[in-house]
């Protein structure tokens, strides 16, 4: 069985997914929907697929699945449209910046018995998967403490920040999902701290660029997340899990796996520059997992509920910063 | 000039300091005060020094300086006794478990114009000093985020825990001092989270074994501290500083600097087992710095005020856990 | 311009190249020639290309270039056939096991003004390229000493060994080429030592499994190569270059970039298992370089002469082992 | 029992040994013999010991053992003088630059039933000991290939080179001993290559600065040694052993165990600068082993025979370079 895809949006992340679909056996890229003519034409040339409108994709007989890579404020509508059209839906995070709207979209998906996978690409990174496999194999014993160090090489453009929902919903959201995945228990309490250190304009836009978060589960497991919008040495992506029997950690990936030495000491290249290069394999694995779930009629490895819970943790973190207190997740979800 | 020392207490840490004094040029170990006869005799044999009473040490003409390694509840009294006796005083942390008593002792020291250095040995570790030197040389630009991962190989005996003042005052206190030193600004706000994960008896004693703390300064710099009383792979001691221009981190130290490989992969030995082996050089450097300050009539690199501030942060962390809120340091110091 | 390819031979390395051709922009896989019906059918299914005879490929109008992945003893004949047919030729190493036959084939290529690239895939590995770039950028100063540690995870089947021409012509030949590339000067003298340590049957077949070689250039630069047919921990591929100003080294690549720790210490996964996984990027880069050279009418980055010189060094090494002496390369080439 | 020491020669290595004797329990530094008055006085001040003549040391009742740190051409005579005087003798390598003279001195030692330990300090380095322990514990299976990368930070002064016996007898001699120790079998064949690359004056003095050596045992085990007199990044000291079951390697030691990062990538400090700092622990362990052997009446862990065999390998290497051939060790020893 070949799963036939349309990709909605041919921007940066749309191209990443188009490449992933092209590289995954059992998947075929049929069409891209992209309103900007030049971008559409570039995508057509690069991927050799058709250009169609979104509506044409949703009614097409030769399309089984859709990857939503359009701006965030269209996600929930498109999820509902394609769920109703009987297509399997893969949506980039977040489903929406508003918790209530997310719940509404998920309700539609449930009603339509549609397949919805939310894009938490990092769960599909080979190194992070190897850490998770070590946990699942019992090598760490009981998970106790998770440490996530996640730093972007630089802040996004100011207009992106304006539309992003803020650092917790845009950047930390990946780490919230990673923490949930690694902790193996739902988070009960969120404590967060946030500053503006790299660029005062980010503060002027009402956002932060430097945040730390502590998450706690009912049994007392804890995760700590440290984020910065600036790391001069590249895209810093580390996870570490401490358990009763031991520890597992994923290391960073450099531009090249070499070392040079001179009178000043030893030198290694900077890290890969951002998510498109760092998570190439993860994006391909993610689409492969989506394809496999469709082919097998099995649940997708990440779900709309995962998308909701990560957003809820972001809401709780914002509230914690605003009120200077530990926030119960239950208070946000209700 | 040779600084002549008495060491008060010949327990584990007393022996560490006796060895340090013996190895530092310009320092001479004259006497040890130790009430347990067998321990006193062992120390006499090992270090070739006299055994005297504490009072004899404080009145002796041939003693210039004293290292206080007795139980915590005697520290403040001994600091005052030896400050009044005109001796330079080096006291192991903490000065006292009670903030008010610490302030009182510091007032006595100030009144006597005595020299008091509080033992934050980690500031004298060669690797941590190299990180600090990178900061001071401007290599990192402005310090923004500090990350401290500090895990003991195992919890201390239950009766030690009872007398310790709890994990924040006993273990995290070192990390509080390290954070103050690396942040380069005083901490304004403390947020903490604490669990019991390694041993329920620790909880029964009213203490925690797994804690995370976020510290924030007035300008928004942040430090994150993660502590556990258990790390099966050894004494885990890492610091990392992110600045506007770059990052600096101290790595762990293993039992041997080797790697072996077989069909299961690559293997390196566990970490050094605890502070006596991990910080051998730090303890010697610390005493050398104390000796140098005495010889030069210069301020000591760590002070009674440093001891007070670390304790205050521990108080604030306890309060934060108890009340589930961010605690202003000013509220605790006043 | 799109370069249209035929691949001769659908064995292990033929499939590697088919995948590489499929992934390189500007290249198109038109046909595979494979005499074994089942293998041909599998290749057709996997790559969606036609199956043709070798002769049909050489006369086809819709084929511009050929990748020769057939058994070694057919390489020279096929190079000549396709050079005469006006196709650009990429041939897996070695051109032939016999120096005279190689020279003859290269003469035919020269006469036909044909394009011939010999497959030394390691020159296209991103890490090794980064080491070479450091040299070319002058970071090491004058190159003085090259160290190549190259170990296979296990020996090939005995019947492969019989046909392989022996370890120097089959395995070390890659390191000879790497040494020439890194030394930046032609090798003048070869000294080699060889033993049978991993499997006595290899000795019974007249081959070795453990060899060390020292190469020296006219100006006294030296390279040292150490090879073993067994490394339990995976495919060990390291290069290191010492120059007057500093050093550069490429590190190994593990199955995952993680570390776990327990009471026994720290553990990392074994290395990638062999050349198909270790050099995936190198094979793609290699074909891309071939395609670029054809498209630009430029010389290929590796040539028939490179193939010849690596074989000559293998001959010299064999002679050095046999006679227990340093062998002048000039004595072998004449 | 306390072993009472005299040290002959208060130069660089004499001071290293004086410090080692002072730090080893069970050893006592009684006297130093040093003809240069200023150096003698400095040693007396630094170590608080007496200054005596060599002859006074050899006849003294209060001296049990002697450490010979005088110029090489006095070693053999002093070994014989102190062996006859009934002192335990520790002699820095080499015993003499002439094989026949070494044999003569060892014969005297044997006749006198004296204790003689030759200083191959690297066998006592904790990291190298851990590699050896892995071999001895059977973790590597049968040892097959040893790789030693050993580079000095810079060449010694020209007048030292003149007296040194050349790079093989002065520098490689340590690696020859290390190879013998790790191979676990005597070397049968030596093949060497030598160039002058760092300083033409070294060539004018008849010496080399860049050498590679291959050693082979009767069963075919091989060791490869690569030496350079220049490494801009510090004192490069690596050993690696490949066996039938796996591999073990000792890593280098840097000035500090930290990493910094910036837009140019990751940086670590240079290596320790030379043997006095790199092998501090090894020198102390070495003297401790000497003291233990004396106290137990046991054989010393390194012997005069070890000193002889390392020198023989140096002779064989020189002959191999001169004649461009593999040299049988038996031809040099006879």
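As written, the chains take the letters A, B, C and D, and residue 1 is the first residue of each chain.
Going forward, a contact is a pair of C-beta atoms (placed from the backbone, for glycine too) under 8 Å apart; a residue touches a chain by one contact, two chains touch by 3 or more.
Please read these numbers as outputs of a predicted model, since none were measured by experiment.
> Count the C-beta contact pairs for A-B and for A-D, then tell me which is higher.
A-B
> Quick one: point me to the chain whose Cα centre is farthest from that of subunit C.
The most distant chain relative to subunit C turns out to be B.
> What is the distance in Å between the mean C-alpha positions of subunit A and subunit D?
That gives a centre separation of 57 Å.
> Just how far, in Å, is the C-alpha centre of subunit B from the one of subunit A?
The answer is 41 Å.
> Can you list every residue of subunit B that touches 2 or more other chains, as numbers and ranges?
231-233, 245-247, 255, 261-263, 269
> Sort out for me which residues of subunit B touch subunit A in the complex.
Of all residues in subunit B, those touching subunit A are 142, 144-145, 147, 149, 151, 189, 191, 193, 195-198, 210, 212, 214, 216, 220-222, 224, 226, 228, 230-233, 236, 240, 242, 244-247, 324-326.
> Taking the touch rule as given, give the residues of subunit B at its contact with subunit C in the complex, in rising order.
231-233, 254-255, 261-270
> If you look only at subunit A, which of its residues touch subunit C in the complex?
These residues of subunit A touch subunit C: 126-127, 129-131, 134, 139-140, 245-253, 255-263, 269.
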